[in-house]
Amino acid sequence: ADPGVTDTEIKIGDVNIMTGPASFIGRAVAIGSKIAAAEINEAGGVNGRKITIITEDDGYVPARSFQALTKLIEVDEIFALNGTSGTANVLAMMPLIEENNLPTIVSTAPNELVYDPVRPSVFTLGGSYSNAFYAQLKYIHENAEPENPVYGLIRQDDDFGLAIEHGYDRAIKEFGVKDGARVAFKKGTSNFSAEVVQFRSAGVNVLANGGIISGAANILSEARKLGMDMQSAQVWSEDMPLSVNLAAEAGYDYYVADYVALTGPANDAFMEKAKKYVSDEEIAAINRYTYVTYASLMAMAEAMKGCGQDLTRECTIENLRKMENFDVGGIVAPLSFNNEKQLSGTALAVYQIDAKTKTFTQKTDFIDY
Amino acid sequence: MSFLHLEGVTKKFGGLTAVSNINLTVERGQIYSLIGPNGAGKTTLFNLISSVLPVSSGSITFDGRDITRLPTHAMAGLGMARTFQNLAVFKHETVVNNILTGLHSQLKTDPLSAAVFWGRARKEELWARERAEEIIDFLEIEDLRNLPVGTLSYGQQKRVELGRALAVNPRLLLLDEMVSGMNQEEREDIGRFVLDLKEELGMTVLMVEHDMGIVMDISDRVCVMHHGARIAEGTPAEVSENPDVIEAYLGGGSRAA
Amino acid sequence: MDFFLLLLSTGLVIGASYGLIAMGFALVYKATGVVNFAHGELVMLTAYVAFTLSNTFDLSFIPLMLITIPIAMLIGLTLERVFIRPMLGEPVFSIVMVTIGLAVMLRGITIMIWGPDPHNLTAGVTTDVIMIGNLPFYAAQLMSIAALAICMTAAWAFLRFSRIGIAMRAVAAHETAALLVGISVKRIHAMAWALSSALAAIAGVLFAMNFKLAPDLWFQGLKSFPAVILGGLDSILGSALAGIVIGIIENMSQGYIGQGLREISGFIVIVIVLMVRPYGLFGDKEIERV
Amino acid sequence: MRTGHFQETTGQLIALTDNRVVISWTAALLIALVLAPLLVGNYVLTLMVTVLIAVVGAVGLNVLTGTTGLISLGQAGFLAVGAYGNAVLLTDYGWPVWLSLPAGGLVAAAISLLVGIPSLRLKGLYLAITTLAFAFIVSHVILYAEPITHGPNGIFVNGAKIFGFNVQKGAPLYYLALGVTVLVVLMVLNIQRTRIGRAWLAIRDHDIAARAMGIDLTRYKLLAFVISSFIVGVAGGLVSLQIRFINIDVFALILSIEALAIIILGGLGSVAGAILGAVFLTLLPEGIRLFFNLILEPGSSFYTTYVYEIRGVAYGAVIVAFLRFKPDGLIGLWRDQKKFWSNWPLAY
Amino acid sequence: MLELRNLQVLYDRAIEAVRDVSLSVPDGAMVALLGSNGAGKSTILKAISGVLSQEDGEIVAGSVQFEGESLAGASASDIVRRGIIQVPEGRALFAPLTVEENLLMGGFTRTRAQTRDGIERIYSLFSRVKERRHQIAGYLSGGEQQMVAIGRALMSDPKVLMLDEPSLGLAPQIIDDIFTAVVELNRSSGVTVLLVEQNAQLALEITSQGFIIENGRIVLDGPSDKLRANADVQEFYLGISKGERKSMRDVKHYKRRKRWLS
């Protein structure tokens, strides 16, 4: 059999951001895998084999991601990879993944750079950043557009920001609306006053807000100070409670588009289940990254199950490639990897927050864009 | 043509004129002393001659060549070396390395041959080592050879500095208070040695000293500075008789030797 | 015009924050000759301490600071005592390295205690918009500017009227000589660390109030380097002023040129300034005299 | 008992070492290094490559900072330039790797003049921060010079072959890195024992005296910049070969600080120190990880929440503790041992 | 009042700079410490001042007693406060500070008013220093710096003044002034003086007792006038042979010449 599989065990690797300011992602991911593994193992495992997760920290540094994956492959002999840190980090691991034909589901970096060109063993879960912004702008355009709309974009000056700009471009072209201002900023910026002043003088009233967490919140806060009346489309990280706490204060009922279900019975059910398997401290750290990783491990397990006792990487990849409308308890849009890009489906739902109550309402169904 | 010639050399630091309009001529093979009260501008004049500081006005010629505007590092190549009043050794380096550094301008190794360290670079290095060992031997600091200079006593460091200046193989040697911090025996040694440099190697020595013993004993000529200006010049005997000099510098019935 | 004034006013706000952080750097440098690479981490740590205090006791701003500052000073003293003092007399490089190690530790410890999630810190200060002329401000933004002004005045008075200021320079200039005239080098170092931590606390709390509290707050330390350098590493007042200058330049360059220039404009400015003045605008020149 | 030894000829004085013990240990080490791919697994080999690259980078930085006393926080910038130089020439222009790798170094060396010339008058930390500024600016330029660098998209680096061997992984990469390391170390050791190395040291200790000895500061400072960044650039090229994908995140500023940490911890100014420091600091996280895996059960909730950060804290703590007890770095430890054993059993 | 017993000092735990030195400086006396370069004189002073640790040195045996109490464990600033001050060799001024600030720091252990008086006293002692009062100390000439260094030490109004080669770099006249001042200080205020000096002639003239140290050991000691009469001392420290001062041109015992010039 392939490495990582014994009669009783399947080892799955996870390289993630376990240290530093972005470690809320890695922690949430680790919890997602843990819940999924516990659930699968409790139900008898994958054809009798228990899943073991081995997590390595990369501190968000691509060179360390490479090192960590080398260790997982060579020392721990993992069978598959589920949990892949940020975009640059996945890309740094890509050559190793390809070389080892390592079944991999990328769940936290659905970036074009990851799935285009498509790598045979790599599957990407999620709608893209670009579609997420397109979806929100489309919703705003159709349902909530202010008079004399002027659009504006603020994005990080990296691969992630670029993806957002693609979605924004598409929207601007398609709707034929006025493109007031585009601004790029460096990762780690906290002072956005100049940018927001630029938006104000351009008269922007629909903002594609590519800031994340405190960045996004600071942008809104500056806008509020300048008395700007606007709609804001934001990155899906802004639907996490930790971001909402920061951003809601500015009082904007902003939008997000996500492939994760933020509200509804599916969520409640998931939380119930989670309480069975993880500690309170871990429960507190749960966010959307927990859902997606849970979902991707479930999908991986499903694919492995299909191989029966003779579990190989090749077979797992085959099965993943055939996966269609795999439902993960409704917490994410159903997964289909049976497309050219091996992208789980581009379906996204648009949500809007009520800044006062800090709750989201779902504005659209999971739709493909 | 005189060996070293200063014409109207002046140095100002902001409002302070540290050296004012100095004319001075040193002939080849002389031991020439520069004396004067503290703050008279002697060290500053040394700094001007060795091009460590740019002159404010005036000109300096050395061996027939105008060196007024040459960069500091050109001096060693022209055959001028100096010591410093306040110790300017390479503290973290060993005694050998300090002395080897004095040989810098006589070596030619370029980065490429240095990297390979073969052929010329190697030969040169062998030569340099031999030369350095000679100097170490002479200064009787063999047992300090591999110690970092920073850990040596004050007097030992002065000696290393002298060794480093000698390594330059200078025709003009500038000594700024060489014997301060040495005892009488050592002073005598240095005095004797300076004489030998002159007599046997034909070296020209320009020195700043407060030790009248050595100045009067070995100098051929003496120049006295006060407030940046030259107040007297002549043979030791002439100068020590000069009432201005006695007034400004020597003082009556000095206790100092 | 409006555009310009808005950029200027917000430049002042971020500039004040740079200035406050830079003052802390300069203070330690002035007394010890060491750039404290853990200063940004101290800014972050003290802000988190204030966050916990403010949540636990529901304090308003002034009382919060009255408690936070002494705690910060205590932290500073402890760090000095445990990590820096044993290094007395060692090469400056090694001490700088210790502060780097310390920085790594503080970053980890902060996340271990408070977790990676970012927070709001309001410290009971209103979040209403205040108009000055026709320029809008948040109260916390005005407070930053005021805090910088107060700290600068205090520092000026301290340096002007006490011999300690001179003693600090003396210690940095020649440690052994300072010992030989009876200056307790240890005490001066401890004091510098304590005061610099107090500044860190003020800077940290105000930064967190204006720009959120997150475990990447330490990065503001690096971002304040241009201010420290522009002012001159050992000039406490100079670096405070330079903070303002850098803040304004950053905002202007972003507002008028864009291209993500803001984050590097400060660095471009110091490269240019240093070419003309190698010791910053107000720094002590190294004495080169032979 | 060896009670110190005496050199008889000047030839011995200029040799890198005249100590038989050192020679035989170095030889043994080299043999072990050459045989390593036969003896160790792939992961260890990867680690060793990382260590070798760190050694090259540290030896390079040491030329500038340790030897010449010009403190640089621009390491990340030079690494990036070297890596991009290699990556672009190799991947986009199809140069063979044995050309593109040194060419990347040359690009870094050329760029270093851009930093070096304006910083000639700067001292100490002023220079340090200026080089930090340089690193910031480099990363900005790389991000925006999209036509050449692919900007935010980064570059996949592949196709590096020497004699038909793919030198981007496994033993071939290891041998390439080892070869480069040995060359670089020898080259720097050689330069350091000639007038050039002494000129650098002189500049570090006392630049006025250095000038009076005939050393042209401009020339030698720039030379230090050029040689150092060439080496660092080559290290960057090796990084790009090893991880096969680069973007600006790979060259985070923290690298500059880590690089400085390596040479300080190793012992400033000494090549051996830089090597020891690089080995130590690169393997330290690995050691800490193993340690915690021994004492803790992976997978516990404590583990997921705290252990990774604790490892980071331990990393910092080891550095601090180490300096506390050995402020002159690993090389100091080494010297102490040597002193102790050559004087043993007489105390002094 | 100041007494060293069997002092042994090591640098870097390896270099023995002072071995088994015992000497005592009686209250109100002036004592000279002579010896050639590297003999260990400065090391002894550093040991008394408690600043050896700055250079990785330590006292490994023996003790330093001051007014009957051991100074072991006392910090450098304590020692200054107890009244022992040192003028270090090589001046060690605070280079970036002005002359006046340097003096001010000399009075760090004293009150403001005392400091003010002290500064005036120094200015009257060294007019040159007064002229330069607002200049950056690092830019002074060597001799001017030496004056500031001595002035700075005097600022603390010490009981014991330790001078490490005070005449270094000073013009003859100033040396005179300084030694006169020191003698005066000793006479009028009873300041005890421990003088390290290369100018043995001068040192032995003003002191009552002398110690000669070589290679870290005291090789000769006794009343100063006795030492002056000693033939070896005359030969090596005073430059006198057969009863009269010889000119350097006549010095022949120049041993290394052959090797160097051949």
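Order as written gives the chain letters A, B, C, D and E; numbering starts at 1 within each chain.
Keep in mind that, in the parts below, a contact is a pair of C-beta atoms (placed from the backbone, for glycine too) under 8 Å apart; a residue touches a chain by one contact, two chains touch by 3 or more.
As the structure is a computational prediction, the values presented were derived from the model and not from experiment.
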Both-way neighbours, i.e. chains that touch chain C and touch chain A: D
Between B-D and B-C, the pair joined by more C-beta contacts: B-D
Rounded Å distance, chain A centre to chain E centre (Cα mean): 74
Approximate Å spacing (C-alpha centroids) for the pair chain B, chain E: 26
Centre distance in Å when chain A and chain D are each reduced to the mean of their C-alpha atoms: 37
Whole-Å gap separating chain A and chain B, where each centre is the average of the chain's CA atoms: 73
Where chain C touches two or more other chains, by residue: 107-108, 111, 259-260, 263, 286, 289-290
Residue list for chain D, restricted to those that touch at least two other chains: 140, 143-144, 208-209, 309, 312
Where chain E touches two or more other chains at once, by residue number: 15, 55, 139
Sites on chain A touched by chain C in the complex: 19-24, 27, 157, 183-186, 188-191, 193-195, 197-198, 200-201, 213-214, 217-218, 221-222, 224-227, 242-243, 245-246, 249, 285
Chain B contact footprint on chain E (complex, rising order): 11-12, 15, 34-39, 42, 55, 89-91, 128, 132, 139-144, 146-147, 165, 167-176, 179, 198-202, 205, 235-239, 245, 247-249, 251-254, 256-257, 259-261
Chain D to chain A touching residues, read off their complex: 41-43, 46-47, 50, 140, 143-144, 151-154, 156, 158, 168-169, 239, 242-250, 252, 254, 298-299, 301, 304-305, 308-309, 311-312
Chain B-facing residues of chain D, complex: 10-11, 13-14, 187, 190-191, 193-199, 201-202, 204-206, 208-217, 223, 227, 269
Of all residues in chain C, those that touch chain B in their complex: 289-290
